[in-house]
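Each of the next two complexes has chain A plus one other chain: chain B in the first, chain C in the second.
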Partner chain A sequence: MARRSERTRQLASRTVQIAFLLAVLLLWYLATTFWGVNRLLLPNPVEVWEQLMEVLRSGNYLPDLRVTATEFVVAFLLSTTTGTVVGFFASRSRFWTRVFEPLFAGIFSIPIILFLPLYVLFFGLGLESKIALGATISFFPIVLATIAGFSNVDRTLITAARSMGASDWLLFRYVLLPAALPVILGGLRIGFTICLLSILGSETIASLAGLGHHIVELAENMEMSRMFAYIAFVVVMVALLNAVVSHLEARGRRRG
Partner chain B sequence: MTAGDVAVRIKGVGHQFGEAGETQYVRALADTSLDILRGELLCLIGPSGCGKSTLLNVVGGLMEPSSGSVEVSGHPLRGPRPSEIAFVFQENALFPWNTVEENVRLGMLFQGVPKSEHEPRARKSLEAVGLADFAKHYPGQLSGGMRQRAALARALALQTGILLMDEPFGALDEQTRMILGEDLSVLLSRTEKTIVFVTHSLGEAVFLADRVAVFSARPGSIKKIIKVDEPHPRNPSFVTSEKFTELRNELYALLHDEIRKAVSETAPTRNGAGGAA
Partner chain C sequence: MSSAHSSEIKSAASAPAFAARSSEDESRLKLARRFFFRHPGMVRLGIVIVIFIGWEIAARWFMDPLFISPPSRVFSSLGSVLDTSGVPAALRITFFELAVAFLIAVTVGLVIGLAIGLQPFARRSMMPIVLLVYGLPQITILPLFILFFGIGPASKIAFGVTHGVFPIVITVVAGIQNLKPILLTSARSMGASRWQLLRHVIFPHMIPSFFAGMRLGMSGVLLGVLLAELYVSTAGIGYFTQMFTENFDPTKLFGLIAMLAAMAIILNEIVRRAEVRFSRWR
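Moving on to the complex of A and B:
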């Protein structure tokens, strides 16, 4: 009984969510078709759909997608490895935790995107500046979560493991890691989101290629329906990636 | 008494936290000497903060004392000795992300037991504490009493000669701890283990122990050792016997003054938190 009503409620909220999106789409259609909204400001959704199909069919998006994906993968790998390694070692002594935790938290709270011009000066307009910026920005939530995860392991569990003779490696593998993993996964998830966000964002500001760059280019050429098609494309890609990450995170938490 | 009868020899062990003059300076344990005999169950009882848990940690090699030394089976103790000494902690010492059985197996993995022995030893120790049907449960799915049984099973699977228990039933309700106490007495009478058991409960101490060491208020030292001359396993009717009541009353008289002292000592420092004592 309880399970069934739970399912009905979930179905109901899903229905309302979909209805809301459809309503926005309908309003968009009505506004551009009948209510005389300037199509240079807001293209017709049917046109956008046709453009999207055209873009997907032609494969014109591939070079830009490759650039953005490369930037993201390299940046996120960099921040994940450095963040977890630095975080682990900073959590090993109370002194280093006290030194680094406020430092990282402080830097994390400033808008690092402001340093983009500096990154462009140092690394140029190519992939390198986006990778460096994305890696820098996503490093902080990952390192902070790693420190929090490893330094808040219940002392009793560590003492218990030591009393049973656990070596450093066994202690790490069977006590510290499973205890810290859920917290670290939360940090990786935040890092993932802001890494992608900062890379797409900086592409729109200063770059020669990438999806963000292409969208701005289309806007400057007043190709509004094509620009919307690209935005829709990126939104769907990111939503899919997010779903995959959420799924992985939930699985990691269960196993951890 | 020959040296072979002594499982643990505590020689002039004292412990303090912090340095003299600091606000956090606490002299937890005054010079304490004690021989723990092989195969006996020794209860440590005393007011809060008298250093009985500290002494237990020192005996287990988890803590180095400020002064004095400990010998286990005739060899000076330096650090944990997992092949000889197992612990049961107050609570929440099970790994919450592992099942009961995995917890028991992990203990053996840590101790270095060959893999092939894990399964039979885990099964045997879980059966011994009556948790065979709950092997696949996670600690969070068990009651407090069952969690402590699981922790005991993990310690038993290590097959050590010495078992140290730090208020293992401290967080449980009176009725559950009574039942666990009875079960423990039956269980341990079958083994040859040397057991040191820290408790706050007078009844528990008399019911379980061969000897009860009564601690004075901080800095703790052993005030008196009381012998409980009653064979194991103890019958539940022992609780209602005259002998039990007498021993319990004797313990109460010994402890009462010390508890008063401990309470009057800690009360003002708690009010003036942070101030120098």
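Moving on to the complex of A and C:
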């Protein structure tokens, strides 16, 4: 009985969610088709859908997607390796943890996007400045999570493993890593999200190619429906990537 | 610590008289080491100073002065940055945008958070939508904000609000959700009205998470406003960063960015202090 009411409640809230999203779509449609909202501000959803299909069919998005994907992969690999390595060594002694942790946390609280003009000055408008900025921004959550993960391992576990004669490698592989992994994965996930966002952001602000750049170009040419199609494309890509990463994170947690 | 002591005593006892001087040096070294061990902050400061000295040397003698400027020169040029016509006004505009966006984000976030959080059904049905929208890459619709709100302060404020409002909504809802049901039940059984419940039970228990949300909201607002400023600006700091970059004037660029970073740090710190101060009662 209790289970059944639980299910009906679930159903009711799902209905509200779907109804809300449908209402937004309907309002959008009505506003642009009948109520005379300027097409330059808000294009018709049907047109946007047609444009989206057209973009997907023609494959026009491929060069920009390739640029953005390259930037993102390189930046995230850079920040993951440096972040986990630096975090691991900083967590090896209590002293170095206390030296470095507040330093990284302090820098992390500054909006690093501020330094974008400096990055553009150093690395130019091309891929390099986006990679450098994305790597810098995502380095901090990863290094902080790694430090937190490794320095909060239960001392008894380490003592027990040592007293049973575990070598450094065995201790790392079977005690430290499994204990720290969930925290590190959380950091990697945050790093993943803000790396992607900062790369899209710096493409929007100053770049020569990439998805963010293309959206700006369309906005400047007032091709609104195509711009909305591109925005929808990027949003869906990011949402899919996020879902994949959440899934991987959950699996990593269970295994760890 | 005790083992260090005993070894010190041992070495002092076994040291022959002619080696007294070197053992004194050694113990001084040990004292210094212990001092640094107790004060990691000093070591941290040392690392920062070394980085600045390295930067100074690299910028002064090894790198192209068109791209990097030594910190000493940046520091001494702070005054001239402020003298550049328009910069103080730009800083004021940015600060104004941040303040207004933060106030709007907090008000709207609190209202929406209470509206969603106080009603279990609303929470269950609307929270996934809030989280969904929060997870979207808002930066992709920045050009739309400029189209809707123009290139003045309005678009920056709007973009800051949409970045800051979601963390506040989420933490307010979480704060209400974490309220122990027994508190609500006992207050109700003692005949508390809806308003009394809100005023004396829900509000005080929500304050720590509300302030945590304000801290997250502040970093969101900073991000949103600065992104929009850097994207397009006619009088704000975005205009000047672009101008200094295009003129290859790294000294002024570094100076301006340092001032903005200082502004961000101060704002963050105010909100963080407030959080510590107001969640102490628990």
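Heads up, the rule we're going with is that the second predicted complex is superposed on the first by the 241 of 256 C-alpha atoms of A that agree within 3 Å, B and C clash if a C-alpha of one lies under 4 Å from a C-alpha of the other, contacts with A are read in each partner's own complex, and residues count from 1 in each chain.
Basically, contacts are C-beta pairs under 8 Å (C-beta built on N, C-alpha and C of every residue); 3 or more make two chains touch, one makes a residue touch a chain.
Keep in mind that what you see is a predicted model, and the values were worked out from it rather than measured.
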Quiz item: Who does A:157 touch here: chain B (first), chain C (second), both, or neither?
Solution: first
Quiz item: Taking the superposition as given, does A:216 touch the first partner, chain B, the second, chain C, both, or neither?
Solution: second
Quiz item: Of chain B and chain C, which one contacts the greater number of residues in chain A?
Solution: C
Exercise. Pick one for A:62: touches chain B only (first), chain C only (second), both, or neither.
Key: neither
Quiz item: Who does A:16 touch here: chain B (first), chain C (second), both, or neither?
Solution: second
Exercise. Answer with first, second, both or neither: which of chain B and chain C does A:170 touch in the superposed model?
Key: first
Self-check item: Touching residues on chain A, where the partner in the complex is chain C
Solution: 9-10, 12-14, 16-17, 20-21, 40-41, 95, 98-100, 102-103, 109-111, 113-118, 120-122, 196-197, 200-201, 204-206, 211-212, 215-216, 219-220, 227, 230-231, 234-235, 238-239, 242
Quiz item: Considering the complex alone, what residue numbers of chain C touch chain A?
Solution: 37, 40-41, 43-44, 47-48, 67-68, 121, 124-126, 128-129, 135-137, 139-144, 146-148, 219, 222-223, 226-227, 230-231, 241-242, 244-245, 248, 250, 253-254, 257, 260-261, 264-265, 268
Quiz prompt | List of chain B residues in touch with chain A within their complex | solution = 60-62, 80, 82-83, 85-87, 89, 92-93, 95, 97-98, 106-107, 109-112, 154, 158
Quiz item: In the complex of these two chains, what residues of chain A are touching chain B?
Solution: 154, 156-157, 159-167, 170, 174-175, 178-179, 256
